[in-house]
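Two complexes come next, and they have one chain in common, subunit A, joined by subunit B in the first and subunit C in the second.
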Partner chain A sequence: MSDYNFAYLDEATKRMLRRAILKAVAIPGYQVPFSSREMPMPYGWGTGGVQVTAACLVPEDTLKVIDQGADDTTNAVSIRKFFARVAGVATTEATAEASIIQTRHRIPETPLSEGQILVFQVPIPEPLRFLEPRETETRTMHALEDYGLMQVRLYEDIARHGEIARAYAYPVRVQGRYVMDPSPIPKFDNPKLNMSPALQLFGAGRECRIYALPPFTHVESLDFEDYPFQPSKAADQACAICEAADSYLDEVITDDTGGRMFVCSDTDYCAARVAARQGDAA
Partner chain B sequence: MSALLTAGFSDPAREGARAFRQVLDAMAHPGRIVTLEGVSAPAPCSDAAAIALMILADSTTPLHLAGAHDCPAMREWVAFHLGAPLCAPQHAGFALGTWQALGELSTYQQGVPEYPDRSATLIVELDQLHNEGVRLSGPGIEREAWLNLPDPGALQRNAARFPLGCDLMFTSGKTLAALPRSTRIEVPDVCRR
Partner chain C sequence: MYVAVKGGERAIDNAHSWLAEARRGDHGVPDLALAQIREQLSLAIDRVMAEGSLYDPDLAALALKQARGDAVEAVFLIRSFRTTLPRFGATVPLDTGAAQIIRRISATYKDAPGGQVLGPTFDYTHRLLDFDLAKDDSVAPAPELPAATGAVPHILSHLNAEGLMQPESAGEGDVPDLTRAPLEFPATRPLRLQALARGDEGFLLSLAYSTQRGYGRNHAFIGELRIGYVRVSAQLPELDFEIEFAEILLTECESVNQFQGSKTEPAQFTRGYGLVFGQSERKAISMALVDRALRARELGEDIGTAPAQDEEFVLSHCDNIQSSGFLEHIKLPHYVDFQAELELIRKLRRDASAYQEAAE
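Right, the complex of A and B next:
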C-alpha cells in the first residue's frame, strides 16, 4: 500500500462522483455533467474511466483493465498498476473473475454476469457532436427528443455508400428515450449492451460527463426497417491463433508485401481457448 | 445540546466505498434491499439514512430535514459530519424524513428538460422494508421486483414525469432500497381499494 488515500481521490471528490453516478443510473443514457479532476495521466488515456472506477472501487474488488480488448497493452497495464498501487485491489486478466472491468473500446467476448461493473473510457460522449458542434443546441435536442438529424445522417450514409457506414461508436437509443454514444466500441459489440446483467458506466474525463446503463436496460442500435442494424466483423475470417469464428478480430499486418493475419482482439478470450485446446490435447 | 455526538466511520475511505457500492447496487436494481453498517445517527434517523448522507452529502449539497428529523441532535450531527447547509424543500439536493413529513413530491426540485439531473434525492424513512406491495419493472430489473411503497399513486406520477422527477431511497434501520424515477410502478388489483 501507499500513502495515497484509498483509490487515489479525496473523499469530497468521490462524493461528487458518486452523486453523478447515481443520477446517471437513475436517468439511463443521459450525460450527467461532473467536475472532472486532473488525474496523473493525460486526457485521452482514460481519465474519465479512471475517476468512475476510483469512485466505485472497494478493497475487496478484483479489477481487470482492457485496451481494445487486450490486457497487455500500455494503457491497460498502467491503469491496472495504478489501482493495484493506490487501492491495493487484486487484479486479473480473466473476465469471469473480475468484479470491475475498465475498458477502452471493447466489451469482453465472455458474457458478463450480474454483479459485475463495466466502466467505459469515453473520448466524445455526445453522439450529436459531429452533427451539431454547439453544446447549447445538442442539449436542447436531447431535451426535446429531437434526433431527426441523426436519422438523416444514417440515411445519407445509405444514399452514398449503400449501407450505414459507421463501424464503431454506433449510436444507440436507450429505453426508447436518450440517444447515446456507446464509446468507440465496434458495432459488433452493440448487441452486448442490450439487457446486459452487468452495470455499465461511462466516464468522459476531458468532456466532464458520466452516463450509465443499469442492468437489464433496453438498448437499441439506430437503423431503418429496410436497412436493419448489422453487427459486423471481418468477414469469413477466424482467429489465426485460437480459430474462433465468433469473436471480434484485429487485422495485423505482418510484413511489407501484403501479408496479414486476423487475431482475436480479446486476448483473455483467445488465451483461454488456446489453453483449453492444449488441455484437451494433453 | 445533546450529550454525545455519535461517531462517523472508523475508516472513512474504505467503509464509505463499501457503503456506496451497496447504494449503487440498490439504485441499479430498484427494489433490492441492501444493508449498510458502520455509522449510527441520533434518533429518529436510521443508520442506513445516516450512511447514505455521509457518503453523498457535503457542504455543496443543500439538505432539507423534514418533521421530527429537524431536531437539535440531527442538526448538530449534520453540522459536524456533513457540513451540509440546511434549507427549505424547494432548494434541497437531498431531503430526509418520513413520507408524511416530506410532503408533496412536486415541492422538490424535479430537474429541467436540459438538465434532468438537477433534481432532489429524497431519503424516506419507513418502519420496515420488505419485497412485497407494488410491482416494479424497468431498467435494472430483469422481470419484476416488489417493494412496499408508502404512496404508489404519488410515485407513479413522479415516474410519469421521466426524464424529470425525484429519485428516492427508502430506509429502515440498517436497510435501504432505491426507487429511481425510471422505474415503472404497478399496483396489483388486490391492493387497490
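Right, the complex of A and C next:
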C-alpha cells in the first residue's frame, strides 16, 4: 500500500500514541488521556486497540487478533485484514508465535511470554463510571484514591446476592494503587493479568484513554477477606472438542429441546490440543 | 458432532459484495452522477460537510452515494478520510459580517441596515407535495437583483453599541482543536462550540427544544440568522500578507437571551452562538440555544438538572459517529461476557432456591 503510511497512522500520530503508552507504562493502571483519531472502523469496534497496535507495530512483527477468544469471529477477521493490508505484517493464529496480540474480551489460555504485547480493546475504561457518571468526579476519586464507593457497591452485592455479582469487567487494583477496568474479560481471566511476563496495553478510542500493565505488575481482583475473589467458568464441564477442563468455555445451543454443548472460547488453544492428540495417536 | 460456526472471512466478503449490489440498485435505472447529488441534494451535502467537519461538496457527494444516502454513514466516511489529512494551521478568523449574503433575517427588529433577505427558504412554502416534480423538473428562473456590495453589519452590533449586549471576550492563544487533543472537562467555550458545530443535528435540535419547553428555560430571540459566502484566508509564515484561498457557505445564528443579572453581572442581553458549514438553519439555531444553555454556570444562573445545561452530558453525547459506533457495537459477538452472566444468574438462582428450600 503506498497511499497510506505504514500501519495506517501518520508518524506524528504514532509518536503521540507512543508518548501516551510510555506514560501509561510509567504509571500502571492510570488512564492517560490521548487525542484519539477517527479510524476507518466504528467507535466501539476496537478503534482504541487498533490505534495502540498501530503505534506498536514494526514490519518484523507477527500479529494475532482475537475476539471472544476466537481468531475467526467477524470483527477479529476484519481487524486482522486491516493490518495485513495497511502494514503488510505477518499474521498468525498461534498465540506463542505472535509478537503482538490484539484482543477483545479474552486473554489467551496459552501463557504469554516475555517480549509479547497484549493489546486490549476497551469500551468504557473508567471502572467507577457506573457508580459515578461524571468524568470530573471520577478523576478526582482516582487522584484521592477514594475507592470507598466501589467497596460499598461490592459489599451491597454480597448483602443482596451472597456474592459479588460481577461476571466480567471485574475491577482490579494495580500495584496497590489504581483501581482499573480490565476490559470486559470474564473474571475467569483476571488471574492471568497478575505478574504477566507480557506487556499489557489497553486502548479506549471513543473515550480517548490508554492505560497499561507493565510486565510483572501486581494485579489484584477486588474482594473481601471473608469473601475472596473466585474466578469462574461453566461449572464441571470440559470442552466437547478437545476435552480441556482448564479453559474458558462457550455454551453452544445444539437443538431446540435444550441440548447444548461446551467448547473452548480460545480456538487456537482448542485446535492445538486436538492436533497434539492426533499427533500422539499417529 | 456440532462444530461452532466458522468462515467469518468468507461471510464478510460475500456480505460486502451484496452491499455493493444493493447500493447500485436496478441497473435499468441510470447511475447517479456525483454532480447530480451535489447540485440537487445540496442540503444533504451540507449536513455531511458540517458533521463530517470537512468542507468539500464533491467528497460529500461521493460519501452520500457510497453510503446509499445514509447521512450518518456518509459523515463517518468523511471523518475517516479527514483524519488522514495533515493539519497545516489555522485560518485567520472569518469575517461573517463581510459575507455575501443569500439569506438574512432578524426576529428582533422589523428592519435594520442591510434589510431582511428571505433567500432560498422553505419558510412560508405550503408543504404540499408537488406532483409536477415527479414528471418534469424544469424551473423558471427566479427574479434577480444586482448583488449587494459591502459588509452588512451584524444586527447585534446595534445592541452592542448601546451596551445592552454582553460583550464577548476576544479569546487568547491558539484555537483549540478537538480532533487533535482529547476533550477534557470543564471545556472552554471555543471547544464547546467546536463540538457543537460537528455535533448531531437531531440531538442538538432535541436539546434546544428541551430548553424551550422548560428544561433549563431561557427564552431566546433570533437576533440574526444569516447565510452567506465567506472568504477564507490564512497567514503563511513566509509572507507578510494574507492569502485568500477559499470561499465557503456558512449559516450563522446569534440568539438574544434576556438575563436579569446576578451578583457578578448586571442585567443585560446575552448571546448564544451557532455557526455551521453550508445552509443549515435548524442546526445553527439549535446550536445557538444549546450554547447559551451551556453558559448557565459562567453566568451564575440557577442550575437544576436540565440536560442542556450539563456540559459533560451534552459534549460527551453529541457526536453521532461516536454514539452510533458505540450503539452498534452491541451487534458484535458478546458470547464470552454473556456466558459469564449466564453462569452467574444460574448460580444466584441455585443459591436462592436452596435458601428457600431451607426456609420451608
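Definition applied: the second predicted complex is superposed on the first by the 280 of 282 C-alpha atoms of A that agree within 3 Å, B and C clash if a C-alpha of one lies under 4 Å from a C-alpha of the other, contacts with A are read in each partner's own complex, and residues count from 1 in each chain.
Note that a contact is a pair of C-beta atoms (placed from the backbone, for glycine too) under 8 Å apart; a residue touches a chain by one contact, two chains touch by 3 or more.
No experiment lies behind these values; they were computed from the predicted model shown.
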In the superposed arrangement, does A:A275 touch subunit B (first), subunit C (second), both or neither?
-> neither
After superposition on the shared chain, which partner residues are touched by A:P215: those of subunit B (first), subunit C (second), both, or neither?
-> first
Please indicate which partner A:R106 is in contact with in the superposed arrangement: first for subunit B, second for subunit C, both, or neither.
-> second
Have a look at where A:Y43 lands relative to subunit B and subunit C in the superposition and call it first, second, both or neither.
-> second
Once the structures are superposed on A, label A:V152 by its partner contacts, choosing first (subunit B), second (subunit C), both or neither.
-> neither
Please work out whether A:K233 is in contact with subunit B alone, subunit C alone, both, or neither, and reply first, second, both or neither.
-> second
Dominant contact partner of subunit A by residue count, subunit C or subunit B | C
Across the two complexes, what residues of subunit A are contacted by subunit B and by subunit C?
-> 33
Give every residue of subunit A touching subunit C within the complex, in rising order.
-> 4, 10, 33-40, 42-45, 47, 67-69, 72-78, 81, 104-106, 123, 133-136, 161-163, 165-169, 184-188, 206, 208-209, 232-235, 240-241, 248-252, 254, 261, 263, 265
Note which residues of subunit B are touching subunit A in the complex, please.
-> 12-14, 16-18, 20-21, 23-24, 27-29, 55-58, 60-61, 93, 113-117, 119, 121, 138-142, 162-163, 167, 180-182
Interface residues, subunit A side, partner subunit B - complex = 5-7, 11-12, 14-16, 18-28, 30, 32-33, 55-60, 139-140, 142-144, 175, 177-178, 197, 199, 213-218
Along subunit C, where are the residues that touch subunit A in the complex?
-> 1-4, 6-9, 11-12, 76, 79-80, 82-84, 86, 179-186, 312, 316, 321-322, 324-329, 332-337, 339-344, 347-348, 351
